[in-house]
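Chain IDs A, B and C follow the sequence of writing; residue 1 opens each chain.
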Amino acid sequence: MKITPIIGIEVHVELKTKSKMFCGCSADHFHVEANIHTCPVCLGLPGALPVPNKVACQWCVKLGLSLGCSINEESFFERKNYFYPDLAKGYQITQLQKPFAINGRLNIDGHNIRINRAHMEEDTGKSVHVDGSTLLDFNRSGVPLVEIVSEPDLISAEEAKKYLNKLQQIIRYIGISDADIEKGSMRCEPTVNVCIDDQFYTPLAEIKNVASLTGVMNAINYEIKRQVDEYQSNKITKNSTNKTTRGWDADKNQTFLQREKEGSADYRYFPEPDIPPITFTKEQIEEIRQTIPKLPDEKIAEYKLLGLSDYDASQLADTKEFAEIFEKIISLDQSPEFAKFSANLLIGPLKIIEIDINKINPDHFKELFDKKSELSSTAIKQLILDSYQSGQDPLVLAKEQNLFQVSDTGALEAFAKEVIEANPKAVEDYRKNPLAIGFLVGQLMKISKGSANPQTGKEILEKLLK
Amino acid sequence: MTDLNKLTLKEAREGLKTKKFTPVDLVQSCLDRIKLLDVKLNSFVTVISEEALKQAKTVDINLPLGGIPLAVKDNYLTKDILTTASSKLLDNYIAQYDATTIKKLKNAGAIIIGKTNLDAWAHGSSTETSDYGPTLNPWNLNHLPGGSSGGSAAAIAADETIISVGSETAGSIRQPAAWCGVVGFKPTYGRVSRYGIIAMKSSTDSPGPICKTVDDAATLLEIMSGHDPRDATSINEDTWKKPEIRQNLNGLKIGLPLSYFSPQTQPEVKEAILKAVDILKKLGAQILELPDVLDPKYSIAVYTILQRSEVSSNLARFDGIRYGHDRSYFGTEAKRRIMLGTYSLSAGYYDAYYLKAQKVRTLICQDFDKQFQKVDAIIGPVSPTTALKVGASEGQAMFGELQDMLVEPSSIAGLPGISIPCAFDKTGLPIGLQIMAPQKREDLVYQIAKLFEDNTDYHLQRPNL
Amino acid sequence: MSDNLITDAVFQHTARLSRLEIKSEESYIKDQLSQAAEYVEVLKELNTDNVLPTYQVNHKSNVLREDNIESSFSQELALSQAEKTENNYFKTTATINKNK
């Protein structure tokens, strides 16, 4: 039986604007007291009217452009009508017919995932179910959300995870949201079905309440298997009315059917009469495009041109801040060697600890690079860490800690001669197999108490043993 | 100092500034009148005596409306005052903020003496569908005052207040003004902020004044108007200013749409309008009959669909969680409108109903554009009949829409219009003349209405109460 | 929409979508809906093939606010009109209907 998963994902991203989408209340709702950032508009009081947040709209366009979307010259808001206690007005202001951005794509390992749209809408309040009642906090009501809808082009849970990682990275790069899945500023809802033997399609299932990237992967994988099993037993295929909504139970590691109303939801969309349409001229779109920094893919390509590997380049481009500090460092020396040297230090010792980008001093890297023939690689790694933590000059620290290696050939020759004399058997081994030089170099390091530069020492030994 | 309540705004301001009487005298006079009449009339849902008198003691009479008693239709939010939309669902709702327009009126020194009755949620043209009982027509207590701003119109006609404000979605200012023989001025859509007025049909709701004279209404409009950053549909202009008064109507072309005289038109209404036409002619206007104005019947359909669709959505916020009672408190009329609106928007009907209606709306706007190429203003009857009897609206699914058919077209197109008294029928019930102009041309409406009023005395008549 | 009859099923579905309970004595609303629906048939008489809809009668566009924080209601004022509150939350015991 051939199984082809078909996955699309809907992502909601909370923008980190100062104020809400349609009113001037603070958009901060994380860990604040309930119902302290509300007003007639976001509380849905009688007579209140919405006025859209300019920055939010611009950021939606910015995201659309970053995803290769076209921007509609004229777009407008619509009302999506449904009842829920945390939906203050009994409708959500969103976009349907004319969203801000359409027809983009995200490239995942050579596979183009099409993006149907990126549009603007408002968040609901928060509800907490306690003892048969629902408690409601409207601090989050009206916070700006961008909804990004992909076509069902994803073919596996792994690819879905990569898609989400990349999307998250871009969103953070352009600075419009923290896109933190655990905190809820990025919410992912995959819709899954399966094609069996290239002809039968299982019914669609939309999965909600997935609170982590691993959860998304697990939920998709679970759902694929569940659908295949179900199809094998009931042979029901997809039609226009059997799409279901399922929740993800992270504890039990399974999806479950959520209570559905009979008949499909009818949102009765119509254009929002309280908000006039919004237009973007070509000039305005270009202006917004100019504010987009170089995105990860572009940076990775640039770093590879410097001679860095795929892995190194991706690591460096991981966040905008990290990339920026790398670029600042290599601005001191354009050589590929320095690039590689700095990359290793950033990705190695410095990335392991949680660093404060602002504390990194590019000069330290250059200094160590210039003296690298006199320092062991272990010493260099230690010094970059020490100088980061203390702020002190690494060369000063090196001197204090006696880390400078002897490259002085005279002194090294003396050590080398001692080693050759003391280890005749090793010398014989070397004559048979040049790779055995390692032991002698080791002895040289021992005799010099680690201060010998191993590369130079090796060369001297080889010269003497010729 | 009796009968201060019978003064116009102009007269009251004059009297206050020349210290003939105080704001307290004025407010007290209105409150006394309300006490005397309102048990019968039922113009008011809430009367505010204590607070009003308190304000009257300290108000600055140099403000444009300093010390003037104001009656507010109960769909305007007035902070700390019960605001019900004449519905039981909000019978305990103390408004948490002031509508922008109310702020402006208060800043101008007006003193709110009460919230007036309306058809619940402003759904209606009779004020009979208020959850607090109908308001009666001061000219004949067996008849209706019209609606939905019936309470405000009746309060003005009965001199229970000096000035009042109402709102119009399609006729709700002009029609009760016509049935009560007072002046109702509906501004251009977007001229006055809607922020803080309980939404009915968002795309045509227009708050406006209902007063005793054209000048009073215009003064109020000056204060109420102006761009509001809180209302994205409010027009980008500063406050409207009254233009110079015309000495005559020379050079003005006024259109009379023949289709506005339907078979349902009461003969006396037609007669009254034709007499008004003569007066306007004498004043120098050139009257042109407009034979090809789009039939108002299309406006009825457009209005019905659009209004009920928007209403069904605008009333969705009333779930009893954050304020008011739950949805079981909606009256039958509200339920009916919500149901039809939900139906019109439902999957499968959107294209045929809602979208079609919005397209016909374009045709209605284009038709007016065409007519205004030929004429400067358009006049006609406000209502096909004079005030109907109490009970007339019961069981009539399309009562409001049919009654308002002559004002729906201009509302749908967002035009300004006024209703001024122009005659009485043989039973003594008032007849209203409406004057409409292109968008933002309240100046023309004012000038024509003012000149007509100055040359007639219908506005000086008062009911025998 | 040539069929104007609003069936019981459609009527009930509409009531559910509207979150309204139509009492038995109000069931005449169904006939009135049909009646009103007939009225709108008249729109078919007009040709709107090349006509764009008018959503905004005063042709405004681009009405936006700057991203500035303005003052909000106090917590007290926000909660002041609610029938039920608990620990500064609004409270409802309404059945949770998930039709999102």
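The definition used in the following text is that contacts are C-beta pairs under 8 Å (C-beta built on N, C-alpha and C of every residue); 3 or more make two chains touch, one makes a residue touch a chain.
Computed from a predicted model, the values in this text were never measured in an experiment.
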Pair exhibiting more inter-chain C-beta contacts, B-C or A-B: B-C
Chain at maximum distance from chain A, centres defined as averaged CA atoms: B
Chain centre separation in whole Å, for chain C relative to chain A (CA means): 40
Interchain centroid distance [CA atoms averaged], chain B/chain C, Å: 24
Gap in Å, rounded to a whole number, between the CA centres of chain B and chain A: 57
Multi-partner residues of chain C (each touching 2 or more other chains): 17, 19, 55-56, 60, 63, 65, 73, 78, 90, 92, 94
For chain B, residues that touch 2 or more chains besides their own: 93, 96, 203, 229, 232-233, 312, 316, 319, 321-323, 342, 346
Overlap residues in chain A, where contacts from two or more other chains coincide: 40, 43, 51-52, 83, 85, 136, 138, 266, 268, 273, 275-276
Complex contacts: residues of chain C adjacent to chain A: 13, 16-17, 19, 55-56, 60-75, 78-79, 86-94, 96-100
Residue numbers on chain B that touch chain A, as the complex places them: 76-77, 83, 85, 90, 93, 96-97, 99, 194-199, 202-203, 229-233, 309-310, 312-313, 315-319, 321-323, 342, 345-347, 350, 354
Complex contacts: residues of chain B adjacent to chain C: 92-94, 96, 188-190, 203-204, 229, 232-233, 235-236, 297-298, 300-302, 304-305, 312, 316, 319-328, 330, 332, 335-336, 338-340, 342-343, 346, 349, 352-353, 355-363, 365, 397-398, 401, 412-414, 439
Interfacial residue positions of chain A with respect to chain B in the complex: 40, 43-52, 79, 81, 83, 85, 88-91, 136, 138, 264, 266, 268-270, 273-276
Contacting residues of chain A [partner chain C, same complex]: 17-19, 23-26, 33-40, 43, 51-57, 74, 76, 82-85, 128-129, 132-138, 245, 258-261, 263, 265-266, 268, 271, 273, 275-279
